[in-house]
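Shown next, in structure tokens, is the structure this report addresses.
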Amino acid sequence: MLSTLIQSAGAATEKTAVAFPILSALILVPLLGAVLVTLLSNRRPEYVKFTALIVSAGTGAMSLWMLAKFDSHEAGFQFVSQHEWIRAWGISWHLGVDGISLFLVVLTGILFPLVIVGVDPHHDEKRYLGWILLLEAGVMGSFLSLDLFLFFIFFEIVLVPMYFLIGGWGYDKRIYAATKFFLYTMFGSAFMLVGIIATAVLAQRDLGYITFDLVKIAEEATFGTNTARWLFLSFAIAFAVKVPIFPLHTWLPDAHTQAPTGGSIILAGVLLKMGTYGFLRFGLYLFPAAAVWAKPVILTLATIGIIYGAIAATMQTDLKRLVAYSSVAHLGFIVLGTFAITSQSLTGSVMQMINHGVSTGALFLLVGMIYERRHTRVIAELKGIQSVAPIFAAAFMVVMLSSVGVPGLNGFVGEFLILIGSFETARWWTIIAATGVILAALYLLWAYQRVFHGEPDEANSTFKELTLREGSLLMVFIGLIVFTGLFPKPMLNRIEPSVDKLVKHVELHSDYKAPVHKGGHSPATDTAHEGGE
Amino acid sequence: MVLAATMTAPEIAWGALTPLLILLGGTCLLLLLGTLVPRWPRVATPTLTIVTALAAGTAACVQWNNLYYRKGYSIVADAISIDRFSVLITIIITVAVALGALLASAHHDDANGDPLENYALLLTSAIGAVVMGSANDLIVLFLGLEILSLSLYLMAASDRRREESQESGLKYFILGGFASAFLLYGVALVYGATASTNINGIAEALTERIAVGGSDAMLLVGIGLMLVGLGFKVSAAPFQIWTPDVYEGAPTSVTSYMASAAKVAAFAALLRIFIVGLESRVDDWRPVIWVLAVLSIFVGSTMAVVQTNVKRMLAYSSISHAGFILVGVEAAAHMEGNGLAASATYLAIYTMMVMGSFAILIAVAGKNDTATTLDAFKGLAKRRPALALAFSTLLFAQAGVPFTSGFVAKFGVIKAAVEVDSYGISIAAMVGAVIGAFLYLRIVVSMWMEEPETQEPLEIPTVVSVVIGISVAFTLVIGFFPSILLDAIELVRFAPL
Amino acid sequence: MLDLVWLIPALPLTGFLLILLFGRKLGDPFAGVLATVMTASSFVVVAGIYFELLSLPSEERKHVVTLFSWIPVGGLQVDMALLADPLSITMALFVTGIGALIHLYAIGYMHGDAKFPKFFMYLNLFIFSMLMLVLGENLLVTFLGWEGVGACSYFLISFWHTRDSAATAGKKAFVTNRVGDWGMLVAMFLAFAAVGTLSYEGINHAAESGSLAAVTATGIAMMLFVGACGKSAQLPLFIWLPDAMEGPTPVSALIHAATMVTSGVFLLTRMAPVLHAAYPWSSDVIATVGALTALFAATIAVAQTDIKKVLAYSTVSQLGFMFLAIGSGAYVAAIFHMVTHAFFKALLFMGSGSVIHGMHHEQDMRRMGALRKVMPITAITFIIGWLAIAGVPPFSGFWSKDEILLYAFANNRFLYFIGVLAALLTAFYMTRQVIMVFFGEARWHDHAEENGAHGDHTPHESPWTMTAPLVILSGLAITGGVMQLPFSKETHWLEHWLEPVVHHSEANIKGTWAYDNKWLLLGLAVLIASAGIAASIAVYAKGKFKAIEPQVLADAWRYDSSVSAFVGGPGRRAFDAVAAFDAHIVDGAVVGVGTEVRAASGLLRKVQNGLVRSYAAIIGLGAVLVLAWFLLRGVL
Amino acid sequence: MLSVIQPTSSWYLILAAVLFGIGAFGVMVRRNPLVMFMCIELMLNAVNLTFVTLATALSNINGQVVVVFVMVVAAAEVVVGLGIIVAIMRRRNGITADDLSALKG
Amino acid sequence: MELFVFVVAAAMVLGGALGVITRSNPVHAALSLVLTLFGIAVMFVSHDAQFLAAVQVIVYAGAIVVLFLFVIMLLGVDRTEDVNIEPITVQRPLALIVSAGVIGIVIAAVVTSRDLLGRKVGGLDETTLGSPDANIRQVAREIFGNNVFAFELTSVLLLVAVIGTVLMARRVKSGGAGK
């Protein structure tokens, strides 16, 4: 019976399936690459790096190919592949991508080769690259999984390579930070594991068979009001730690500060997104009514996070720590948008996940470059860099302005969509959250002033300008920043149908009603709206 | 003479006893040949032990297969049950014996040779363990437990060069005797309340009693005493207190076996007595299991935090593993869902993990168990990267990281618990697991992120590598393809009454 | 021609990109020339469009060019679209026109600066942003420009970033502006929530048709006003503008006098129907803030000694007049004053720049004097600017200021009174400045001797690239008033021109006492200006009275320093407290859990004392507890 | 009169419990491993007494059979236990259980 | 009569037991143990468990205690242990609580459940009780009947004991390291 069910599920979603199991390849290629890299001889380090690069670039290329083949009118899951995996527990290898996960996958695909090319681990390169590739496989898996169990194991396995990356290649307090990261996140996941199992078991009572399949449970199973709330909470704790939402954020500054540059980029770029993505995919989609119920609390925490993160960032003395706290603030926006549950705010959140990945990734890259040159990240020890390295400063400025949310750059589009969408369902929270834009300017500009302005002192007067390699690497980031800021439509068009479907799903399963516009279109009635051409 | 005529000797199903008989025969053969054959080659002892264990295991596998065609049954006047559960336990124990023998052969000291008796004890202990796993009578169970325990006391004390070994043996012996007395007293009181020592008999008597009525106090206190005795054997908190000392003192190969086979057997006995025999009083004893489970997880995890000896750390981790298995027992105590299968799965996986972990300890600490401190593991990744990777894999498995068997095991028991709505214990267990993870991380940190204290090359005996390889392979294969194990263990059942 | 609207911002953008890529190769002065040409060409395009619009009937003077769909999500459809209508083209005209002049001026002023190309790169980017601001078809495109000019002003103010004060001033400008931006963001949210669109047409239409509730309209209006306060330096957010004088003088002229600071006025005019639909008190708020700002800044200007600071506070004061106009419903007057102010204030700033240039970067007026002799062109043009701002007829400033006061009188006589007072002070302090700089004794000799290095330098006239714009602007400052003369209906050219945009909201003062007696008020205005000038001459030129320049005025009522003290004191302490809270309480809790586990571990270790009999006792204790439970279950 | 009062099963069981308790107490307070071991024998005897008493009370011979096995176990335990103790004592004469506390923590 | 026997035997049992735990000299403790064992044997007799009583005397009092004494003598550890000194202060109160607790709980359980003890569940062939060898026959029948498996297991147990003795008696060469 079970197998027929799975088949029918496959048939329903496999409209867009292609012969090549692209999604499985996205996970397995880096995984096998990691094994390959580990097995390569230590004597020819250049082969090791080359192999890792080929593997990650290949993965990136596959993700871009997937992006090209993605049908922007289809709101459901595409490229679905489903195979029975653990029969006894009703678990299948079920992968799929939709507008919500699409760009996260692409971002992952792009970010990893950049990190491999751009950041030098300084020692034990082989192991470093092995972990990086393993991490890539885990992250890909988290974003592609459509099975609760599958998601959880990818969500959790990511900790291991990240742990080693922080602990092995980080800075002086790396072991403390790595352990804190691992335990804190694992603590959150502990609740989610129980939640996932409970979800499947309770759904079993409803459906009559055991399954961990996300789509099946979300679409077919119903939970009691209180049950759903508890289940939602168990997921929410894990995601809240991962995002992180105030007050569960304190692992982040430590992890970011102590992680090697590559680790920080990936951590900020994609790892944190697993939390926000989780809220969308497993919070709203699985437990719409409970998510609506929890909305006020989460919105409040998100808003506090925005303000609090910004204030804390202002007072940091370590540049990397400052960027880390800025992440707390930025991710607060994403959570705000997620739980405001309007077409705009959700689209903005998804968008902002990507934008934050690009901007903050680039910011960490730049801070890493500063560290490479000066061997310090303490703001007070840096001064007047703009005078000696104007191009470097300019690159930093663009990335920083993107982070500040200046229109025309990517950060603005997401932030604006989040705020304007949230305003309709969460007015006062949004008004307060919007003050975050002031604080963002404050802490970043202040930091910029202290680091780049003024007369360079002796130690900073020999600060090296960007090299060609660094410059071209940054150009990729800056290109993305500017392009997305000016022409976000291609992204929005792909994100929106899935988001609207999600909003409809929430409306259908709760008493929540998304705002409808006289002048515009209700997301509930117009799923695949095309731009105003 | 009249009396003699009325006596009916029970039928003995020799076929069903094959694994036991093989083990016993192997023991005798070993003792005889080892004593009688002149110039008995040293390598022959472990070989014979392993062959015996594997033969017994094979026989058990054949039994397992036969059970496709018939339900479980009990033999020799209901003294022994042959069912999927007992056969599975037999298989696990024989595997543990085989691996234990491999480790023991690498662990001997050159000066004193490789005493035959160690291996004979390994086999006799296996007999005791198998009997415990299949005993359907409390007296048989008690005897099995004593056979196992006496063998283990001796094995623990068998390294005569190290005083710690003897201290460990003596501690284990005194406390084990103390606990046995509790267990036996419990058997006595249960006997008083039910007039039977047979598990099926007890179950029937208790079912009748529910109709009849009357005070349960003696029965329940008896159950409590048995729980104390068995809790001691499975090292559940607060009866775990002997575990770290004994595990640390015993020769590492023995520790590995103690942590695996002995625990498996004790859990098997616990499950059978309580689930089959005391089912009707489940509401009385299940809360205690609950408390023991949570306490074990937290005590094991917490106390490991400040340890500096890896062997001791692993001992504490075995306590928290016991807690997790008790979570499965608690789930099984709801008499529905998959608690039994989950516990059995955990036991199987745990056995392999713990064997591998201690094998690595042997590899690092050397033959003399001299270097089991955390310092000895510093920078292991620089000295032997593969070994460090293997140990990390096993440690992460113990921590319950996905794609390892340990995760499958934890997932199984938590799932079983959730299926019967035991959310509290599930969450407590998972939070405990987080504390426990700190312990594994500490070892991992030492191996990967610190500089080695010595650059001496590390010689790893081949047999140890084999054990590590098997264990790691099992850990990963089950981690990626749990169905291999789950589909089989799903069938685990007790023989019907 | 109308479809070429996109060319207006595109030209300076091209200039920006070209200098970005080839700036170093172009160097000094060709980068400047390129930038100037781009801006000037842009001006030509604007002029072309202006004439084309002029040729259309007034109701058709509106053209939207949609470049591409920018942010389309569900009900929110934001296009990258430009709107050419009388208001935007007026703005564009003086932005590009004055912009081009300032570019030209800057070629001379910035000559020799190490970062010469970069300066023009920023200037072009600024012009582009400003044009996006004024040409935007919807609030969001305007916001793009709005933030863009904010960012550019940040770059330009902190252009000499090795000076800490410049870097700080740039940051302060940006952050203060951001406070205003918050208001504008919220206004957009409100508008979208209420109307479902961000386009001006949609929102204004909703406001005009009455479908926008008054309360929402008030919310939007007030939030827009917060935004305008930030950008246009009104109370209480004006603090960044005086500090912005740290930037090079062309920047002060361009950004902080002529263009950027007026965008608040522009925005409120653009959204006039919403203001109109709002509760009446919201207009009063705007007018009051404007009048108070005008007076407040004027009092400060009286005691400044820095030549640019005087002009900066004067700018704040004049912007206050514009807000007073908007609050009084006189949108045309506001735009009128904005344009004339752009002329004469740019003129004054560039004149002061010329003085500074000639004085070798001396900005203290106490060390100037009698410069008319060595810098004649500068002196004459500056004096024209002075007359314009002081409100002397027939200079442009007189007409525009008078119209504002007229409406103010009709609307609220108390505010009129404040306005008059501010006008009086304006005449006073501007006269003071002119006297101190160009007349009296030459005090720069002492100064030159003090600093031996400059000993043999005497002030000199500036090159033609700097004086030519001065001359052109002084012409405009004289004649600018003709676009809106109060003599008859026909002379209200600006009003007719702007009719399609502000027609519905423009306050009608016909029939009020003020309207009927406007000549009286006109005369009064002349009187006031004369009084201010006379008083100033009496004090500073003739020395008949002792100058009253209390320190509190020189310190700008200590407002700025109080804000700084607050931000640097309690504010910083509060931030520090949050950081400490995070480190010790939030993270402390996490670390505390770890410590507690460790402590528990240590405690439990004590139990594990290695003694068999202790272990037996522990086991026994456990046994007793377990048995007690079972006994209770059995007995009870 | 005394003969009227017959000791019932309970009396024996209570006695056994007391004996068990005394044995347990001994294990917990004595430091000589041999004496501790004797105390364990006391506990086992208490159990034996319980079994025999219950066998009589229930008229079930099985209780007595169990005792036979327990005695065998006790004998084997003594052999093993004394073996271990002798091995230790030969190494460190006159040792008490308290001295064997190298393993702890 | 029965009461008398009980009282005397109980006195022996308890006296011996107290002797074991209080005598500082291990030899005395062993001898006290004999007293207890005899007391138990007496009780076995009064429960018509003659076979067990005999085994008790032979195996326990005979073999086991002798073994104890032998070891004490062999090792020469018959020195006095000072039972008045207790290094761990909580140990004795704790031990007292534990013992009293166990005793109390078991007594409470036994007393409340005493009605269970009166019932005859069978399994004892009452008809032959008169026979002098009735007890031994019954025991034998049970051992070799239903409990034959357990009986066979005891052989393994003894095998372990034998192996253990050999192992423990082995002389150690002090090769290799030891801490």
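Chains: A, B, C, D and E, in written order; residue numbering restarts at 1 for each.
Following the convention adopted for this analysis, a contact is a pair of C-beta atoms (placed from the backbone, for glycine too) under 8 Å apart; a residue touches a chain by one contact, two chains touch by 3 or more.
The UniProt protein names, listed by chain, are A, B, C, D, E = Unannotated protein.
Note that this is a predicted model, so its numbers are computed, not measured.
Go through the assembly and pull out the chains touching chain B as well as chain C.
Common neighbours, chain B/chain C: A, D, E.
Compute the centre of every chain as the mean of its C-alpha atoms, then state which one is farthest from the centre of chain E.
C
Any chance you could check whether C-D or B-E wins on number of contacting C-beta pairs?
By the number of C-beta pairs in contact, the winner is B-E.
I'd like the Å distance between the centres of chain A and chain D, where a centre is the mean of that chain's Cα atoms.
Centre separation, chain A to chain D: 65 Å.
Indicate the whole-number Å distance between the mean C-alpha point of chain A and the mean C-alpha point of chain C.
The mean C-alpha positions of chain A and chain C differ by 37 Å.
Between chain C and chain E, what's the gap in Å when you average each chain's C-alpha atoms?
100
With chain centres taken as the means of their Cα atoms, state the distance from chain A to chain B in Å.
43
By the touch rule stated above, which residues of chain C touch at least two different other chains?
Touching at least two other chains: 605, 608-613, 616-617, 620-621, 623, 627, 631, 634-635.
For chain A, write out the residues touching at least two other chains, lowest number first.
Answer for chain A, listing residues that touch two or more other chains: there are none.
Show the residues in chain E shared as contacts by 2 or more other chains, in ascending order.
Residues 91, 94-95, 98-99, 102, 105-106, 108-110, 112-113, 117, 121, 123, 125, 138, 146-147, 150, 154, 157, 160-161, 164, 167-168 of chain E each touch two or more of the other chains.
If you connect every pair of chains that touch, what shape comes out? Choose line, ring, star, complete or other.
Other.
Return all touching chain pairs.
Final set of chain pairs in contact is A-B, A-C, B-C, B-D, B-E, C-D, C-E, D-E.
Taking the touch rule as given, give the residues of chain C at its contact with chain B in the complex, in rising order.
Residues 597-598, 600-602, 604-605, 607-608, 610, 612, 615-616, 618-619, 621-623, 625-627, 629-631, 633-635 of chain C touch chain B in their complex.
In their complex, what parts of chain E are in touch with chain B?
105-106, 108-110, 112-113, 115-117, 121, 123, 125, 128, 137-138, 141, 144-150, 153-154, 156-157, 159-161, 163-164, 166-168, 170, 172-179
Where on chain C does chain D make contact in their complex?
Going by the criterion above, the answer is residues 605, 608-613, 616-617, 620.
Give the list of chain D residues in touch with chain E in this complex.
It is residues 2-3, 5-15, 17-26, 28-32, 34-35, 37-39, 41-42, 45, 48-49, 52-62, 64-65, 67-69, 71-76, 78-80, 82-87, 89-90, 93-94, 96, 98 of chain D that touch chain E.
Mind listing the chain B positions that touch chain A in their complex?
Against chain A, chain B makes touches at 396, 401-403, 407, 411, 414-415, 418-419, 423, 426-427, 430-431, 433-434, 437-438, 441, 444-445, 448-449, 482-483, 486-487, 490.
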